[in-house]
Amino acid sequence: TELLEGEDDPLADADVPDEPVESGLQTFTEGAPSVLGVQARYGAETAVRRINENDGIAGRQMNLDVVEESDAYLTNYQQFVDDGKDVTFGPISSSGHAEMVPEIEAQEVINVSTDGTVTTLYEEDFPDVTYSFRFQNHDVMEALAAVEQAVEVLGADSIDTYAGINPNYAFGQDEMELFSAGIEQLTGAEEVYSGFPDLGTGDMSTHITEVNSEAPDVVFSSCWGGDATLLLEQGHANDMFDAIDVLVGPVLYGSANDLSEDLVRGPIYSGSRNFYWGEPSTDRWSPAADLVDEVQSEYGVVPTAHFMSGYGAVTAWATAAEKAVRLLGRWPEQEELAMVLENHGFFTPAGYHTIGADHQGYSNAHFGELTWSDEHDAAALANVNVFAAKNVSPPPGEISADWIGSW
Amino acid sequence: MLEHVLNGLYYGSVLFMIASGMTIIFGVLGILNLAHGELYALGAFCAFSIVGFFAGQVAAPTGPVTAIVFALVVLAGSLAAAAVLLPVGGALEATFVRPIYDRDEVYQLLLTYGLLLVLTDVMKFVWGPSPVDVGVFSGINEIPTTELVGFSYPSYNVLVILIGVAVFGWLVWFFDRTKTGRIVRATAINREMSTAIGVSTDRMFTLVFAIGAFFAGFGGAMVSIGPGSASLGMGLRWLVLSFVVIVIGGLGSLRGAFVGALLVGVSSRIVTPYFPQLELAVPFLLMVLVLLVRPEGLYGTWGEIQ
Amino acid sequence: MSRFLVDRDGETRVRLSEGMELTKTQSVLAVVGLVVLFAVPDITRLTGLSFQAIHRGILFGLAAVGLNLLLRHTELVSFGHAAFFGVGAYGAAVLASHFEVSSGLLLLLGGVLAATTIAVLIGYFVSGYLDIYFALLTLAFNQVLYAFVLQSGYFNYSDGLSVRPDGLNPPTLFGLQWTSTGYDLILYYFTVVVLVGSLLVMWKLVNSPFGRALDAIGQDRTRARFVGIPVEKYVWIAFVISGIYGGLAGGLFALLQLHVSPDPTLYAFVSGEILFMAILGGFGTLVGPVVGGVVLVYLLIQAPFYVEYYNAVTGLVLIGVVLFLPEGILGSVPKIGTGLARRRRDPGLLRDDIAAIGSSIRRGVTRAVTTVRIIVFGVN
Amino acid sequence: MSTLGPGSDAGPGGSDPLLEVSNLTATVEGFEVTHGIDLEVNEGEAVALVGRNGAGKTSTFRSIMGLTPVANGSIRLRGEELLDMRPERIPKRGIGYQPESRDLFTGMTVEENFRLPVWTAGKARGIEDEDAVVEDVFDLFDELEERRDAEVQNLSGGQGKMTAIGRALALRPDLLILDEPLEGLAPVVVENVKSYIREIIDRDISVLIAESNASHVPEIVDRMYVIERGEIVDSGDPEALSSDEEIQMLMQGGGE
Amino acid sequence: MLEARDLRKEFGELRATDDVSLTFGETAGEMVFIVGPNGAGKTTLINLLTGLLEPDQGSVVVHGEENGTPVEEDITEMAPEDRVKQGLVRSFQIVHVFEEMTVRENLRVAVLSRHGKTLSMRSVDDGHEGVEREIDHLLAQFRLEDVQHEVAETLPHGDRKLLDVAMSFGLDPTYLLLDEPTAGVATREKEYVIETIVEASEADGVTTVTIEHDMDLVKEYADRLVVLHEGAVFREGDPSLLETDSELRRVLLGVDE
């Protein structure tokens, strides 16, 4: 299989049950947040499909059930456990993930979250967990990559003012706070406006008007999904891109499939999470090289970062399981598998990832200029910068805020 | 400041289109239609399909003239999309709502909530679970209204404000000046006596529900061809905001709905930049304030509702 | 007659206490209900039903019982009961995460007190309003509260607060630290006891002169005033009582979920759901709202596991109840009972039923088709 | 000819009664409120239905208008069964109805209250000149002329009653049904309304009146029925019946 | 003694109550009848006295006695329910009863309220003996025993009216303001109503103020007559005015002499 090559295969003799691995994913399957969730689902399904086509995990096939996370994270997880799942994935929601962690520890069935980006979750709230993981790179990374990108494009000296337009919930507030800390540390720039439109709003013009009148050098936005499209549409309509120097938005690219050619014009930069297109180079590793075509023909969309969240969460667990079988000569217990997952390194088409000792994922961050790809009829990134994991996320065990302060 | 006011008028106009349908249905039928937000969402989805098709027939605008043609095509498309809501609204009224007019009003709430859920899944079945966007917004903005306003401002917003005023004008004209409109009002005031002078109240109610659905759908089309997109569940927020608007304005009052919508729109857009934390709460605070001062809303009543 | 049996209207009734009597059928149903409630953990283990979903449903049902005091008696539709549910939950969560209170009962008490305070405040403003104005005013207060919590760092924005006083373990119950499963079970039985107690209190309440006064207010405010009932004050009291029920349910919810965030507890749609539970279960009955709570929560949470179009399934169930069970689920039981009895005696009626349903569907479809034809083609 | 005369489809006027109610049993919320009512109104005739409160007068009228469900019996207008008809067709067939409580279209002007029936049923009644019909009503009730643009909720009790009658007349009915047109009016007003009703009858419109106070009846109608507990107990010449002792006893329970 | 001082109420242009000053119950147990054409302002006056409406001008005053010295209390601002507690009780022209309760339950609410027991948590079915006995008495007084278990909304109009008046009696009034208590009540029952009113005023010293259109009743029972016309007091005095005052006869009865 792809996962292992070599003659004397310890897996062949391993004591592994015949029945397939059962897994469950909870994610946003409909409505506005499905821009993220459907991609995560495609990613997870693609990973499962690839695993099964390649003789499964140590020979075991894998089944995946998907359920809408709505606001029933805990009940969903419990239902999965009751149904006898070997592992669960998701959710996307940050509060949902925070709510689940203790329950996961109590139920002792591994969950690998696809997103669930609460900054402090594994740093402060649950520094010492066993069964709960987050594939997603430390979310500090996206805000800081945006800082680095802004500095890269404009130069630290020419950034005097910045503003933010972020969705009005914990994620948006966290991101803005991190971005502010980072950019003030690096450039000494001053915040001139920070607005928080409602999540899923139909109109951001008031914030854009305000940004226009302040004309900051950099605008940061963690808007995603429909909010990202809306921001770009109204930004263009109100000539925001004439008033500002750059817009950096780590999650804008998540709407790659919904943006049109005219929307991506202008000094707009995005990327960050596990970006895999053109960078890291895909030409020599077929799982990466085939991915975009496979996804386009299977689902009619290009994969985005959240696709990789789903893909990566499944792959992290599956590769670790196979590693454990190889080590133990049998199928691991939950606890053993959890131990293997710590400090586990593995490849996805987005590059090399590790799950840190703090249970969250680390990998390089990528940021580039939003452009249009005629080939894929979707938005793409150009001139991608790569920021090493250690430059955009604190080392395991350190508190982000302290670490940024030490820049 | 002027720009913030314009933003508020734009927002208020969209709000009015949705709330007007709700206020009509409530004023005449006495039904608080919880599925109204879904009718609005349905309009947005229909606009995606129909406007998308229409816009595909004409070239993307290259200059002012073609932009105006383009805008007209899009407008025609959104009217066609909203027109889909006429039979949908009528059929919903005839099949589900009509049997329960005489029941306790709380059952109407439960029934329309059930309809809300079913409609959501109908849209999921037809358009899939993910948001869709026609993307004609920038095309319409090629119309050079910017010079007219005197500063850079999206033509689309101006267009929506004009349409909002036109819709209000049309509704007032229809209900105050046309015979059909007066008959509808009479039906609202006294159902039995309307029957006794030869009004088919069943048909009037169906018509009113259909008109209400039409304007919800038109509002949805405006949002979907605008910067927003059509997504499942998009109706919920607007449903609640429509409540707020019609209560501020006074139940069953069209003028109230108009003033209420603009008030909510403008106040929230003016307050937001200075007190960003209040964006979500402004409409509700406004409503509480209005009701504490004028318990019956800004304008009296219209129709049989006291 | 013994102390527990009385004769009234030619029927022997079970007497629980002064003024609380059950007919024979009611007693049987009550006993069966209690047994089922206590057996839920075992039933769910055997049948694969979701224990958590039922527990959650009971809690929302408890909130709906409180709301029903307003709905059934003062005839006021509250669209804002999530305010109390949410504040009850947040009250417990704040004590646990900011003050590290570890006793579950103290957390619950804190939640109830917080909810009561909020109910006193909101009730002061809304008790003079009627109909939809009351409904939407309660909704507005609810949303203002929601917006406030969502914006507030103290409540940790949309991420919400954990109800684990030491950060990892659930609060203690009855002075003991339980394992996860033990905790769930103990909390469940505690919930059942609270529920039964709350129902008895509510029963007592609505059959007291105060309950009658609320009925009077609901049926004719002017008359109520002119028999000397201070209408606003009594509505206010009823509002607070129903808020306490909401707070109690919310506090228990916090203990169950061990994490409280705004959307599932404080958002206006939660208010709507609590209202719909009461109607669905039968708002003319005492226990109906609990049944409605369990049914609706179960549908909302579990349907996604079985069908893709789970919203439609829930929606169709609700529409079906409205059209075919005119008094809600529990409220229609007596009618169904007599209907069934008649059909057992005369199976021919069944054929009529089927014919009736068939023709009502046909009529509906014909009506809809005609309507569409009129609208589309302008002709009849 | 006055535009207020009977509509164009007035039948040949043979021996068939204009309105024939037979064996009518009406139900309100499951309760039978009338039991086998039989009554007739002939072309050009004025008939009264007299009985005390709760006797079933209003229920009978509402049944004729299709507003109260009928369990049994038949209601024929010129031989055509009204029970098979949707209620809104009944006014179009030529019955104008003034309900017991005023039930005007509040928020609208007097004139609009007169125009509405023309809009809804004018075509069926063969009305070509809307304005002429409306002016004719105002001619009849010339007190209303100056209140033409007043919204009806601001009218006095007497003016309101007149507006309600006028609204029924604007249909150009063949049969006018008046439910207690004199009730609750001051004695002065009563006299005025009585003379209007006589004027209407002079225009060849048949009239069916409900009254709970028998003393007014002989001055207005040709024939009367006495209704008691949902049943017709007597009928005949109003003068004779009104002076009948037993009937008087029965009627004393009547309202003010 | 209940006093209206310069009461005025305007509805837009219309002055429904035009500076009315009246006193009721100077002699305890007085029976006053208020008459006047439709729209004269009779109901409005009662609404002002009982607090259903707020006057634009003027005041409502209750005169009493404390330790032998006369005291007066201005109750213009007092809430209706508190006026009821002071013994100022009314019935309604348009019937107001608790539609979904039975006759007995309707009366029970009134009697419980009078006893100040509406906040009690004791079951209504048990242990309010005194209350039930009072209800029985009221039922007998108004001949409502036969329908005591009927739901109010299904009652014939006359019985509903009786129930409305009976509830007012159940409140143990000092001043009883009755708005057309006999309108729509059949002849036989009309007499019960009037007799009950007479009984109350004679035996319990209740001051009654009754709006009435039936002049025969007025002539027979009134101690004093108040005629309202266009909002103002037109005549006040002995019921014989109805025979002697030709101006009054013209306005009220439309009799030109």
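Here are a few things to note about the model shown:
Order as written gives the chain letters A, B, C, D and E; numbering starts at 1 within each chain.
Keep this in mind: contacts are C-beta pairs under 8 Å (C-beta built on N, C-alpha and C of every residue); 3 or more make two chains touch, one makes a residue touch a chain.
Going by UniProt, the chains are B, C = Branched-chain amino acid ABC transporter permease; D, E = ABC transporter ATP-binding protein.
None of these values were measured; they are calculated from a predicted model.
Shared contact partners of chain A and chain E, listed by label, are C. Contact analysis places B-C first among chain pairs (by count of C-beta pairs in contact). Seen from the Cα centre of chain D, the chain whose own Cα centre is farthest off is A. Measuring from the averaged C-alpha position of chain B to that of chain E gives a distance of 50 Å. Rounded to a whole number, the gap between the C-alpha centres of chain A and chain C is 39 angstrom. In this assembly, the C-alpha centroid of chain C lies 43 Å from the C-alpha centroid of chain E. In chain C, the residues touching two or more other chains are 150-151, 310. In chain B, the residues touching two or more other chains are 124, 277, 280. Applying the touch definition to every pair of chains gives A-B, A-C, B-C, B-D, C-E, D-E.
Chain B makes touch with chain C in their complex at residues 32, 34, 86-87, 90-91, 93-96, 98-100, 103, 105-107, 109-111, 113-122, 124-125, 203, 206, 210, 236, 240, 243-244, 247, 251, 277-278, 280-281, 284-285, 287-288, 291-292, 295-297. Across the complex, chain E meets chain D through its residues 37-39, 154, 156-158, 183-184, 186-188, 213-214, 253-255.
Chain C meets chain E in the complex at residues 18-21, 204-205, 207-213, 215-216, 219-220, 222-231, 234.
Taken together, the chain D residues at the contact with chain B in this complex read 65-67, 86-92, 97, 99, 103-108, 112, 115-117, 119-121, 124, 167, 171. Looking at the complex, you find that chain B touches chain D at residues 179, 182-183, 185-186, 189-190, 192-201, 302.
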